[in-house]
C-alpha cells in the first residue's frame, strides 16, 4: 500500500470563496496529483441571449461576476458597438477607463487580501480589505452600486461623474496610493511572506505562454500580454505600463498585482487629466448583425466576449471566455509537486474566478 | 556452599534447573512433531519455568550476590567441544550459501579458540562458575516469564504461519527446540560468573538467532540471518579478545571471574569491559550494527518478539549494564554512551519513516537499547537504576506489541501500519492491547516515560549529561510522533468493516492478556520492584541508590488510575440515541464505502495515511549519518583503549 | 494561613476554579487586541465565554462516540497538568501530563475519518515534537539554576532565573507561539478558519465537545503563562509585567507573520531549542554558574 | 437571551453565485463592517457553524454539497439566503442550469434581498436569524425533553 | 531579512481609531445615488408596460385590469433599468435597501393614475 | 473607435490539425475554442493570438462529426474541448485530459445543442 492521503479539497472550503473541487493526492504533505473539477457555478446564462434583448443583456453580462463586473459589462457593450459600428463619445470611453481601473483596484485589493489569508496572514487580509472599502466607496458614490456598478450600456455609459468629483480624485488617489504602498510593502518585502511565495508554483515563461496563461499569471512569468496595450477604448490615448516579473512563482504573480495597483491609479490620473467634456452616450438604433471577438484586459487577464448577431434584437451567441478559464491549465502544472500548504496559495495565485469561468 | 536459610529448595538447584530444563524441553520438542503434544510440552514447560523463576525471586531477592562453585574442567572441555561443533556447523552453512565473510570470521574465531584452549587454558581456574544477584533475578524473570509466554504464543502462531505460507518448509520441531535452547542459553548467560561460560552461552544465542532468523529459508531470510551472524561473530571476536587479554594479564584465570573482575576495579577491567561492551553493542544492535536487527524482522513474529524484547538483545545490554561501574567516568564509557545516545535519537527518527509495523518496533527497540547503553555507558548509580528499569519496561511492552502485531498480521495478512486502519472496529481487543502496549512505550504515566524521566533527572547530575538530555529531548519527541500516529491509525473509525477477531486462538489470548496486564501492573508496582530488586542491587555496587520522589510516585499512580477510569466515561456517552455524523469532506459527501465522487468522473476512495517525513527522517540518510558517527565514536574508544593497553 | 501540607491542594483547586475564567478572559482580550490591530472594533471581552456557552447549547454530533472520550480526556489531563504545575509539582511530570493530554486530542482527531482532521492530527503531532525539546530544556534550565524540578522550589527561589536563562526564555517564547496556536505556527488548527485544512484537529468536533476543547485551551493558556512566571518568580510584579509583555508580543507576532509550513516550523523550533536552549544551558553548565536557591 | 444569540458562528457556501454577494459577506467580516462585534466568526466549517450563509442559486452539481454542508451543521441552525440568486435564482432564474433558489434544496429561514446584498443588509439578515435561532433551540429542548433525552446537551 | 514589516502598521492601527462603522448603531454607508430599492408612484404610472419589458430580471408585473403594479424584490437586481426607462418618471430609486425577510413576499402598488384627456406620447428615455 | 479587423478563415475539418500546427509553429498562443450552433451546423472557432492580433480558424460541422483534439499541440486545449463536449455534445477525439462529460454537469444534457427558445416576455413574479 502506498503512503498516500486522498483529500477531497472543496467544493466547500474556507480558503476557496468559490466552489471548485480538487482531488488532492498527497504523500505526507507533498501533492503528487491534483485533478481539479469545476462546474458548480455553471448557470448557463450565455443562452439567455436568446431570451433577452441585446440591450438588456448588459445587466446579465455584468453579473457574470461580482468582482470584475464592470469590465464584463463594458466589454460586452464594446463588442456590440464594434458589430454595429457605433462611435462612442470620448467622455464615455474615458469614464469606462476610470471605472475599469477602479474595478481592477478593487479586484486586486480583494485578491491581495484573500491571498494573504491563504498563507495565513489575517491582519494583511483585513488591511487589504480595509483599503478596498475606499475603492468601493468611490464606486458607490459614482455609480450607485458597490460591487455591481451597472453603468454600462450599449453606446456609452449610464452615468456621468461630475467634474468636481473628478477634481477631488487626485487627492483621493494620493491617499489610496499611500495606503496601498504600506500594504504592498509587506507583500513584497516581508520575509515571512516571501518564504510562503518564493519558488512556490513556479511556471516558466515558455510554459506560461504556450499553456495560454494571461494577465498577471502570464506577466508573472515574464510574458508581457496586456490587452490594454492593444488600445481598445480610450487606452490607446493613455500610457499603459505593463508590469512583468520574471520568476514565474507565486511571489512574482503577487508582485505583478501589487505593482499594478499603482499603474491603475496612474491610469486613472491620466484619464482624469485627459477626459473631455461632452455627451456620455449615443442613441442606439437597429440591431447587431455580424460577429466580433471583443477582447479586453480584466484584472485577471484577457477576456474574450464573442458576440454574434443576426440582425434581430436577440443575439445568436454570446460566448464569454474568461481569463480564469484559460489560466486553469497552467494552474494544473503549477500544482504538481507542491506542498499541501501551498495548494491554496497556488490556486489563489492565478486569482481564480470561477463564476466568470463557468458562466 | 550456601544454603538458602533452612528452606527446602536450594537456589543453586533452581539455577541449574532453569538452565537445564529448557534444554530438556528442547530435546523433547525436537522429536515431537504432533501439534497437540507440542503445544502441551510448550505450555507445561512455560508454566514450570515461570514458576521456578518466581521461586527464584522469592528466595533470592533479599540476598547479596550468591556465588556457586559448580562444574569442573570437564564442563569447560565440553563447552569447548560444543563451540567447535558450532564453528563447524556455521562454516558448513557459510560455505553452502557462499558467505565468505561469515566463513572468514568463524574460522578466525575457531583459530583463536583452539589457540586459547591449547596454549592458554592450562591452569585456569575459576572458583565460582555460577552466581545470582538481583539483576540476574530480574533477567531471569524476564526470560522465564516473558520468554516462555512468547513460546506459548508461538505455537498457535506458527500453525497459522504455515497455513498462510505453504511455501515454507514445516520445521516446527526444530524451531521450537531452538526457542527453548535459546531460553536455556539466556539463563546460562545471566547466571554465569565465569566469563568463559558467559562467552559460551553468548555464542549459543548467536547461533540460535541465526537459525531462527533464517527459518523461512527464503533468500532474504538467509541473507539477513547471515548479516546477523556476521555482526554477532564480530562481537564474539571482541569478546574472545577480551578473554584472551584477561588470561594474558593473569594466567591464573582469576580475572575470568566476573564478580571478581568487577570488584577489582577499573584499571584491570577497563580493557575487557570495552571489548565486551563492543560485543554487547553488536548483540544489542546499536548503531553501526543496527541493520541486523532490522533485517531480522523477516523472521516469524514470535522470533522477533523473543529476540528483541526479552532475550538476545537484552543479553547485549545486560552485559554492558554489568560493566557500567567500570565504564563510569571513563572516556571510553562516554564514547559507548554516546553510541547509545546517537542510536537512541537516530533510531527514533528513523522509526518515523517506516510503515512496516515490525520495522517500527525494530527501530523503537534499537532506540531503547541505545538509551539503556547510554545510561550504562555514563554509568552513575542512578543511571544504572534507570537502565535496569528500562530493561524491564521495554521487555514487557515490546513483547506485547510484537505479539499483537503478529496476531494482526495473521488476520489481515499485512504488517503494514497503513493496513491497520480501523483496527479498533475490526479487532477491538487486540487494538486495545496494542494501545496499552504503545502507551507503555511513550505515554505518561507508563513505564518508558517513567524511565525517560528518571533518565533526565539522572543525566542532569552526570558529567556531560547535557548532551544526553538534549538527545533524550529530541529523540523522545520523535518517539511521541511515531507511536501516536500509529495509535491514531488503529483508532480511526471507518465504517462497514468486518470483525476479524473471533478466529484468534485461546492460548494466544491468554498470553496477550497476561502481557497486557503486566504492562499495567508493573507500572503500578514498579516502586516495589525498584525497592526490592533494583535499589539493593545498585546499592550493593555503588553504595548509594536512586529512586523517584514519593510525591511523584503518588501522583503517577493517581494518573494511572485516572487513565484507567477515563474509558468508563464511554458508558455514559453510549446511552441515548446516537446517529453518527459524517466526517467533514469539504462538502463532497462520502458513501459508506468511503468513496466520494472525484474529478474526471471517477469515484475515489478516501485514503488516509500517516506522515513518514522521508525527506527529513529517511532511513538511508540517517543510517549513513548514524553509522559513520558511531563508527567514529567506537574508533575513538578503540584508540584510547589501545593507549590503555600499551 | 493554610497549613503547608494542604497548600498544594489548595493551589491546585484554585487553579481548577480560576484558570478557565482567567484563560477565557485572556482569550477575550487577545481577540479584542487582535481586532484593534486590524483596525476593527472586535468582539466584547467576554466573547469567549459566550462562545463556549453557545457551544454547550448545541447538539453534539460525533462521527464515533469515542471522540467524546478523547476530548474529555484531553480536558481532564490538561487540568491535571496545570493543577500539578500550580500545586508545585515536578516540572517533568507536568510536561509529560501535558503531552499526554495532547495525545488525546490528536487521537480524537484521528478517530473521525476525515482527511482534514487527519492532516490536522499529523500536524499537531509535528507541533508536539517541535516544541517538546524546548519545553524540556526549559525545565532542565530551571533545575540547573535552582537544583530542583519542583515548581514549588523553583518559585520560591530568590534567584532571578531569567538572568541565567535568557536564551531559554526566548526559546520558550518562540515555542509558546506554537502552543498558543498563533501565526506563524498555527498549523494544526487556528482561531481563524481560513486555512488549507479548514479547522484541522478540531474539524470534526462540534458543540459541547468543541466547548470542552476551548476550555482546555483556557487551562492551557494559564499554565503556559505560569511558566513565564517562573522565570521572574523572584519578583511578582516583574513577573506579571513580563507575562503581559510576552502575551502582547505573541499577539503582535500573530498579526505580523504569515503561517509557515511544517518543515520550517520543525526546523526552526529545533534549531532554536538546539541553539538558544542548549547553548544557554551549556554556558550555565560549563561556567559553573549554578547557584543554589 | 441565550448564548446562541451572542455567538452566532457562520459558514458560507457559494452555490452558484456571481461572487457579488460573496465578497459582500467577506466584506462584512472586515474592518469597516466587522461583524465579529456581534460574536460572529466565519468558521469555514459547517460542523462549527450555527448559521449557513448561502449565496447563489442551486444547480445540478452544487445541490449535493449544499445539502451536505447543511446536514453537517449541528442543531439548532438557520439558513440565510443571501442575494436574490439564493432566493429565487434571480436574474439567472431562466437559465437552463438554474433550478431556483436554495430553498429548493434546504429549508431557508431568512432571505436577504439585493443584488448584490449589501453588508449592512447581511448584518440585518443575521440579526433576524438570531431570533429564529433561539426559537429553534427552545423547540429542540422541548422535543428533547419530550423524548426523555437531553439532545444537544449531552454533557 | 525583513521581518516585522507589518509591525509598524499593526502598532499604528492598534493605537488609532478602528475603521469600523458601528452599524446598526451608526447609519449604514450610503450615497445619494446608492441603489436601494425601486419605489413606484401609482399616481403617475400610465401602465405602459415599458418597465416590465425592460426589466432584465422580470421582477415587475403589471396588471392593467386590477390596476396593480407588483414588484418581486426577491427577483429585482436593482439595476435601475426600469427607473431609467419609465416614461412617466413614476419610478424612482430609493437609497434604502430592502429589508431581509423570512418569506419571499411580493410588493404591490396600486395604480391610481387616471388618464388625462390629452393623450401623452411615449418617450424614449433621456440619459 | 474601430479596432483591427479580425481574420476568420473557414477551413475543413481535415485541414484543422495542419493549420493549428502552423499557428503553433509560428508561436501563436491559443486564445480560445468556442462553438456556435448555426442552424444544424456547429461552427467551431479556434482563436489564436500573436502580438494582439487575433487569428481565427473556423470549421463548421454537423452534430455527428467527430473533431480531432488539438491538445497534442496546445496542451491547454482540453479545457475548451471538454467544455465543447459538455455543452454542445461535440465528440472530440484524443483529448489529453478527458473529463468524460463531468467538466460541467448540467441537468439537461448538451444544452446548447437545443434549438433557440422562442421568446416570451414578462413572466409572473
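Per-chain residue numbering starts at 1, and chain names A, B, C, D, E and F are given in the order in which the chains are listed.
Criterion: a residue touches a chain if its C-beta (ideal position, glycine included) is under 8 Å from a C-beta of that chain, and two chains touch if they have at least 3 such contacts.
None of the values given here were measured: they were computed from a predicted structure.
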Checklist entry - Farthest chain from chain E, comparing Cα centres? => result B
Checklist outcome for this item: Contact tally winner between A-D and A-C is A-D
Checklist outcome for this item: Taking each chain's centre as the mean of its CA atoms, the one lying farthest from the centre of chain C is chain F
Next on the checklist: Centroid from C-alpha atoms only, then distance chain D to chain E, rounded to Å. What do you get?
Outcome noted: 24
Next on the checklist: Averaging over Cα atoms per chain, report the distance between chain C and chain D in Å.
Outcome noted: 34
Item to check | Inter-centroid spacing, chain B versus chain A (mean Cα positions, whole Å) | outcome: 65
Checklist entry - Residues of chain E touching 2+ other chains? => result 3-6, 10, 18-20, 22, 29, 56-58, 72, 75, 77-79
Checklist entry - So which bits of chain A are touching at least two other chains? => result 5-8, 11-15, 19, 29, 37, 39, 42, 44, 47, 51, 59-60, 63, 121, 123-127, 130, 133, 145, 148, 190, 192-193
Checklist entry - Which residue numbers or ranges of chain C touch two or more of the other chains? => result 35, 37-42, 61, 68, 115-116, 118, 193-194, 198, 203-204, 206, 255-257
Checklist entry - How about chain A: which of its residues touch chain E in the complex? => result 52, 56-57, 59-60, 63, 121, 123-124, 127, 130, 133, 137, 140-145, 148, 150, 156, 158-159, 182, 185-186, 189-193, 279-281, 283
Next on the checklist: Show me the residue ranges of chain A that touch chain F in the complex, using the header's touch definition.
Outcome noted: 37-39, 42, 44, 46-47, 50-51, 81-82, 85, 87-88, 93, 209-212, 227, 229-233, 291-293, 295, 302, 304, 306, 308, 314, 316-317, 319, 321, 325-326, 328-330, 358
Item to check | Touch list for chain A against partner chain D, complex | outcome: 11-15, 17-19, 39-45, 47-48, 51, 59-60, 63-67, 69, 110, 113-114, 125-126, 129-130, 132-133, 136, 145-148, 353, 355
Checklist outcome for this item: As the complex stands, chain E meets chain C at residues 3-7, 10-11, 13-14, 16, 18-20, 22
Checklist outcome for this item: Residue positions on chain E within touch of chain A in the complex are 1-6, 9-10, 19, 29, 31, 33-35, 54, 56-57, 77-81, 84, 93, 124, 127
